[in-house]
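Presented below is the structure to which this report refers.
A, B, C and D are the chain letters, set down in written order, and residue numbers restart from 1 in every chain.
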Amino acid sequence: MGKNRLETFSDGVLAIIITIMVLELKVPHGDSLTALSPLIPVFFGYLLSFIYIAIYWNNHHHLMHTVGHVSASILWANMHLLFWLSLIPFATAWMGENHFSATPTALYGFILLMAGFAYWLLGQAIIRSHGPDALLAKAVGNDLKGKGSLALYLLAIPLAFYQELLADAIYVLVAIWWLLPDRRIERMLQNQHQP
Amino acid sequence: MGKNRLETFSDGVLAIIITIMVLELKVPHGDSLTALSPLIPVFFGYLLSFIYIAIYWNNHHHLMHTVGHVSASILWANMHLLFWLSLIPFATAWMGENHFSATPTALYGFILLMAGFAYWLLGQAIIRSHGPDALLAKAVGNDLKGKGSLALYLLAIPLAFYQELLADAIYVLVAIWWLLPDRRIERMLQNQHQP
Amino acid sequence: MGKNRLETFSDGVLAIIITIMVLELKVPHGDSLTALSPLIPVFFGYLLSFIYIAIYWNNHHHLMHTVGHVSASILWANMHLLFWLSLIPFATAWMGENHFSATPTALYGFILLMAGFAYWLLGQAIIRSHGPDALLAKAVGNDLKGKGSLALYLLAIPLAFYQELLADAIYVLVAIWWLLPDRRIERMLQNQHQP
Amino acid sequence: MGKNRLETFSDGVLAIIITIMVLELKVPHGDSLTALSPLIPVFFGYLLSFIYIAIYWNNHHHLMHTVGHVSASILWANMHLLFWLSLIPFATAWMGENHFSATPTALYGFILLMAGFAYWLLGQAIIRSHGPDALLAKAVGNDLKGKGSLALYLLAIPLAFYQELLADAIYVLVAIWWLLPDRRIERMLQNQHQP
């Protein structure tokens, strides 16, 4: 199987996920600015999840760039990733409508954790079927970020029940980490690990 | 007509079907784990249907691989398949919200049966317009699975009115059958048939 | 501008239109077959509109096949067509929920009329920018069907206020006319016109 | 990164935005023309936003035509544009349901302003990474329209609180400005500036 159709399908699903999230911004009944105010947390949830899906789309593109042929395990690892990403609109809406309270914040972190784990599994499936060659070095280069994100989600989930805003702050920080250009950050972090 | 645009259109429809199903996971009002519990059957219905659509996407891709040119009968057989698949979100939501009770479970099986039948018709339309050549041997190789699934759906529909969980178990087993790698299973089953 | 991106965009819009229509099949609260019965007219409306969108997708594909370059007038004629087609889910749901009563049936016919007219305009825009050459003969060959459909919609709209089921029957017949293989029908009709 | 996948993803998002807007045309309960009348402002809002998204799709296509390779800043400038465009369905529905009253009209203008600003940023990101060469001259040629639109939105937002219909008229005029063929208008306006 060529990878084109897998990319097209994944792009379609990601485009739909990123767009239907906005349907959770329910149109308020009044026409004043006050009528909009209950939507403010929902809006920030939407913004955060929009950025996460955009990051996944970007990373997915880079990962698929290293793929030659699509094996069954790559195909199903990709579907597994799309499954968890498809739950982000639900978790976002639940979190936003409840003003980032404890349990929804923890669930949001759990979905991010499972999506991050599914992304790692996809990377592993690609490495297994292509061998550890030069092209995959790039994907492996993101490993620190990938594993660091998983660790931060794991930290945020229990934290949500004590200090929900700290957990939310962790989600924001992970997103910023991925948005920042790679080199500077990774070099800095690798220097700390190789003194 | 080239097959590219037919594939793209089908991929688009399948990507939308798989994603809008998640809209049936209605955001609950409370913010506790208890508020989520009524969603558990809806979630499992979503998971099952997600896997079915993913299987159809995968099989559709392999089937289309054997197609050279798209005749009118292939085009309409494909639309017929998309029609039944487009009803899966409805059947899934009805089944999930009613905790897999008898009639919704039977309807779900009926939609799966019609989709499976439409897939078989699509295969027949391809064979009619291309002749029984080498490439199509692959599609025919899946025949046992295809016809076996139809038989199992036919069994599950009346069963739903006596033992709904048995019918649901059949849907899960059929999905697992398709998910497992082809060779081992088919060889095993063919050995039973050719003693 | 190449025509690829215009085709891709149109396919995306048509795939979404054909799929979101199913969201109007609202999941009923009960779990019995009786609970499904109010959905029967909505289901038939969905089926009819699914077929219409599928026919438009098919015809659009053939029409675009004759296009070399996309002028501004082709682009906007295409958008105009998509606009009217995007209203089909609304008209379908209104007609289905009101059991094909007079005004919704007339509105449905009006949307079909405008979509058919927009399709004709698109054909004209293509002829204007490409000249009346060989490739376009195909599109012109469909002219009888195109103009006949417009005439039938024009007949059905006022008829809906006297005999709504006759108007609905006209929509069904037009769809069947398009579904039937071209040659036999057109030859038959042309023979009637050239005695 | 090649630009194909970025275009495909953007097309997908724009196709979904333009189509889900129609879901805000909620099916009325009655079946008379009177039952449709509250939808008239929602319909005109839909029409206006449909045209705006179509214009963005068209301009985006021309802008991307000048792009050779996609840098990280182009990718994120594009996502930023899609984010603001994804809010148009919400702003449209709020404006339409409140009969183009003051605050919703101002919010609609604000979203258009941010989308226009994001489009300008995307142009800047392309110029920075490709240099001010011949192909980009086209994009720069649209500058007057782009900056003029931003100025008109900035004017419309405060105006909405005094004369909401004037603000709405400005949105309509900007859309018409973009719909009209480029040359005549721009030559006319440039002549006024170079006496």
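General observations
The rule we apply is simple: contacts are C-beta pairs under 8 Å (C-beta built on N, C-alpha and C of every residue); 3 or more make two chains touch, one makes a residue touch a chain.
Please read these numbers as outputs of a predicted model, since none were measured by experiment.
Under half of the residue numbers at the subunit C-subunit D interface are used by both copies of the sequence.
If you lay the C-alpha trace of subunit A over that of subunit B, the rotation comes to 90 degrees, to the nearest 5. Rounded to a whole number, the gap between the C-alpha centres of subunit B and subunit C is 28 angstrom.
Spacing of subunit B relative to subunit D, judged by their CA centroids, is 40 angstrom. Of all residues in subunit C, those touching 2 or more other chains are 8, 12, 16, 20, 23, listed in ascending order.
For subunit B in complex with subunit C, the residues that touch the partner chain are 1, 5, 8-9, 12-13, 16-17, 20, 23-24, 72, 75-76, 79, 82-83, 86-87, 89-90, 93-94, 97-98, 101-104, 107. Interface residues of subunit D facing subunit C in the complex, by the touch rule stated above, are 7-8, 11-12, 14-16, 18-20, 22-23, 25, 27-28, 31-33, 36, 47, 50, 54, 57-58, 61-62, 65, 179, 181.
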